Each structure stands twice: as structure tokens, then as C-alpha cells.
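Naming follows writing order (A, B, C and D), and every chain is counted from residue 1.
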Amino acid sequence: MHSAHARRSLRLINDSGAISAASAWLRTLGESFELGSELVFRLDLCASELVANIVSYAFEDEAPHTIALDLILEPQSVKLVVADDGREFDPLALPEPVAPATLEEAAVGGLGVHLVRQFADQVSYERASGRNQVTLAWPRPSRPGV
Amino acid sequence: MKMDSQPLDGGITLIRLDGRLDIEGAQTVDQPFTYATSTHPARIAVDLSDVSFVASIGIRTLLSGARGQASRGGKLVLFGAQPMVRRVLHTAGVDQLLVLCDDLDAARKALTD
Amino acid sequence: MHSAHARRSLRLINDSGAISAASAWLRTLGESFELGSELVFRLDLCASELVANIVSYAFEDEAPHTIALDLILEPQSVKLVVADDGREFDPLALPEPVAPATLEEAAVGGLGVHLVRQFADQVSYERASGRNQVTLAWPRPSRPGV
Amino acid sequence: MKMDSQPLDGGITLIRLDGRLDIEGAQTVDQPFTYATSTHPARIAVDLSDVSFVASIGIRTLLSGARGQASRGGKLVLFGAQPMVRRVLHTAGVDQLLVLCDDLDAARKALTD
């Protein structure tokens, strides 16, 4: 029913509610565009991690900042663009986390970016005009998923 | 996110998590889960079959429960994770640190070994 | 499991994605706090109408503006506060819509505010420091709804 | 939001809507619904039983379909609305303008009267 091309955007202010809102928004769109549960999970996970990081790390001041999410649907692909005007941060430049050997060492962090890189099919990063822009892409499921 | 806990025979405690282990779910469940997993030595099987989503913050919750229990001298295993949740746990290396079982039977075995 | 008192907030920029995001965010919170399907419907409807109106009518310029949503849970009540810095608009001052007599006359508008007033248990409005603040309140369902 | 349409006996067309008639749903369904309801004279029963939410924008969609059909000389009725959806339709005065039936049988009757 939905046309093959669509673009939906959301602008959130960087407070902790942004994480749940980004996630809920994507799940709703995933359902209406019938993207299938696996891709929706991936979108949800990647957006949750990226937005959580922007809220936690991108800004030093207390002023409100905008986090921009764009979901771009094309016949063959689904893209999610996450942008902010915080400090420069390229998630692709972060080294792979060292797998912890024991429970005691575990959870020292570095998991969020790793999950994004693993659960997105393609990740690209651009810094332009003082903004970070992370673009995630997946192939579009060819038929309604479960 | 909901959590309940019940004793099984063989001295095993079953903890069932139900919902999304996202920021909201982790916040909800952190305190009761820590309490249930980390206050006294036990053999704990955590049922993930009704967990539909997990993010890094939720993994932290699971690992800190397991760590708390290990420090008490007991053991905590996970079982029943849905495919995508399992994939997240695997990608995060959780399966290197904790036993991930398919079902309760396997979890029992892992706890009584 | 959730404590009886809780507050969650979300700040959205006034573009069309804000409506779906507010709705999805409230439905997710409604589920995690087990507010029950009827109250979640009411929250969803009122927020959708108010945010849609703010996006459509509150601003003349094209600059981004913040729409603030706060969900406040108390043992006996659930409140939703919707605030914006757009033109002064008191939804309580709007006259009741005249029920259209025929299909042809129908849908001339005025339905959104009417629905908000009917589906919220209490509505109050305040204009302070250049901001509109609409507070909606309901009794909190005493036990998990369906 | 999904929509499908099928001919029933007695010259009646059944249109089923499925999902949320919110801004996203109304945008999705506006065009096919207008096409299905407003291009030729018909007797149309719209099944709302799988519609879980409706906002004013969705009411507009329903009314404009009904208006389009009325202008063709046919008739459109709604049936099966869930309780909260029904309450919205009632509060909006839709039940003064359109026939709201409990089920398909009643909708058939209303269309053949």
C-alpha cells in the first residue's frame, strides 16, 4: 500500500526521553511500512545505541540540542541517518572492543558502537558544517516479514 | 519490563524477564534483578524467552547480575533467548562469559554440573 | 515493579514526525507502566491532536521550536503536560464545534480540540513566560488494565 | 495501515481497514480509500474491527469517503468498531452522519434498506 519511496523524519532534543522516543517511532514506522521484525530490531538497536551515546557524550553544555533522525525507504534499501551538532565523533574510528576474558572485567563499555557496526549492513560517517552524520543502510526486505 | 522469580526443585531459582531490555526496561528491572541475583548464593536460571529486545544497557543488567552471583559463589545461566536477542548476546561476547542455554532443561544441567 | 511515582519527558522539534513519535513514546510508556489500553488510547489521542495542532498552527516562522511532553505518574493520577513557545492558544477557550447536520457540511474542522477535551478527564491551560502549557489529567487505573 | 476490498453478494463491497487511523495511517490509506469509495456508485460496508486507533485525521478520511460515495448516489456504512474507536466516532458526531453498525449483517441490512 505504501509507495516504494518514502522518507520520514524526526527531530528530538537531547534528553533521556529521546532514546525511547526514537525507538518507539522506528518500531511504529517499521510496522506501517512492513519492514519485518528482524530489520525493525536492527533499526531499533542501532538507533537506541546511537541516540543514547549522543545524549551521554556529544555535548558539554546544558543547552538543548537537536538530534535528527531520517528514515529513508527506497525500493531496494532502508537507510537511517542520525545527525547531531555535538563534538566530532566517528564511530567507525573506534577500535573493536577487546572481548573481556572474565565476568569481572566485562562491561567496561564500548559495546554500543560495536553493536551498531555489527547490526547495520553498512555504516558511513561524515562530519560537515559542525555536524556528525551517521548513515546506516540495509537491503529492504523484498516481502513483508513476520 | 516485568520480572518474577520462583524456586524450582533442585535448589534452582527461576527468574523470568518479560518485555524489552532497553533503557526503560533496564531501569525498571535493575534493582529487583540485582536484589534477586546478588544478595545470597544461589543457582539461578534466567528465562529470556519473553524478552523481545535487548540493547547494551540491558546486557549490562544481565552481566552485573551474573557478576554479583559469581561473587557470592553461586552461578547464573541464561536460557530461551529469541533469535535476535541471542544474536545480540553473541555479538556482545556474552556467550563467552555466561552459559546460554536453549531451554530450562539445559539450564538445569548447566547449573548442576 | 515500577514505583508509584515516575516522570518521563520528551522534547520534540515541531515537524510532522513529532506526532507519530509522541504517540509511539506514550504507547511504549503506557505499556511499561501498565496503564491499561483505555488510558493509553486516551493519552495517545490527546497527545496526537495537541502535537498535530502545535505543528500546524503554533508557529509562523520556519525556525525549529521545541514541543515538550511530560508524563507524570502518581499513585492516584496520570498527567500529561504539553508545552510549546508558539502563539498563545487556550484550547479551553475554543467554542464547542457545531455538530454538522449533513455529510456535506462535515469535517470543517474543530474536531481535534473537542476530542482532547472529551477524552481527558481534566484539562487546564496556562500561559506563562511566552509558553502555552496544557495539562491533562486522569485517575490512575488501580490495577493493570488489559 | 492496510486496506483491502472485496465484492460480496448482493452488490455490496466490503472494505477492510487494518491498523491505526492516525496521521501515518491516514496518509497511507487516503488515496486507495478515496479511490475505492468515490469513483463509482456502490454500496460499501467498511469493516473497522481491526482498526485499533483513530484520531481526527482518520475521521476526516472516513467522512470524505462517505461524502464521495454519497455524491455518486451510493451509500457507505461503517461496522465493527472497537469500543474506544466507537467512542471517538460518537464524540466526533460521526454517528449522526453515517450509519455505524455492530457487524456485517447489520451493515448489509443498512445498505439494502
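Note that in this section a contact is a pair of C-beta atoms (placed from the backbone, for glycine too) under 8 Å apart; a residue touches a chain by one contact, two chains touch by 3 or more.
Fair warning: this is a prediction, and the values are worked out from it, not measured in the lab.
Participant: According to the touch definition, list the chains common to the neighbour sets of chain B and chain D.
Facilitator: Output, common partners of chain B and chain D: A, C.
Participant: Taking contacts as defined above, which has more of them, C-D or A-D?
Facilitator: C-D
Participant: Using mean CA coordinates as chain centres, what's the chain C-chain D distance in Å?
Facilitator: 26
Participant: With chain centres taken as the means of their Cα atoms, state the distance from chain B to chain C in Å.
Facilitator: Measuring from centre to centre gives 38 Å for this pair.
Participant: Just how far, in Å, is the C-alpha centre of chain C from the one of chain A?
Facilitator: That pair's centroid distance is 27 Å.
Participant: Mark out which residues of chain D touch at least two other chains, giving numbers and ranges.
Facilitator: 24
Participant: Which residues does chain C have that touch at least 2 chains other than itself?
Facilitator: 16, 20, 23, 28-29 - these are the residues of chain C that touch more than one other chain.
Participant: Touch graph of the chains shown: is it line, ring, star, complete or other?
Facilitator: Contact pattern: none of line, ring, star or complete.
Participant: What are all the chain pairs that meet the touch criterion?
Facilitator: According to the stated criterion, the contacting chain pairs are A-B, A-C, A-D, B-C, C-D.
Participant: Could you please specify the touching residues of chain D with respect to chain C in the complex?
Facilitator: It comes out as residues 22-24, 53, 55-57, 59-60, 63-64, 66-67, 70, 84, 88, 91-93, 96-98.
Participant: Within the complex, which stretch of chain A touches chain D?
Facilitator: Checking each residue of chain A against chain D gives 1-2, 28-29, 31-32.
Participant: What residues of chain B sit close enough to touch chain C in their complex?
Facilitator: Touching chain C: residues 1-3, 19-20, 24-25, 28-29, 32 of chain B.
Participant: Within their complex, state which residues of chain A touch chain C.
Facilitator: Where chain A meets chain C, its residues are 8-13, 15-18, 20-25, 27-29, 64, 66, 69.
Participant: In the complex formed with chain B, which residues of chain A make contact?
Facilitator: For chain A paired with chain B, touching residues are 16, 19-20, 23, 37-38, 41, 44-45, 48-49, 52, 99-100, 102-104, 106-107, 111-112, 114-115, 118-119.
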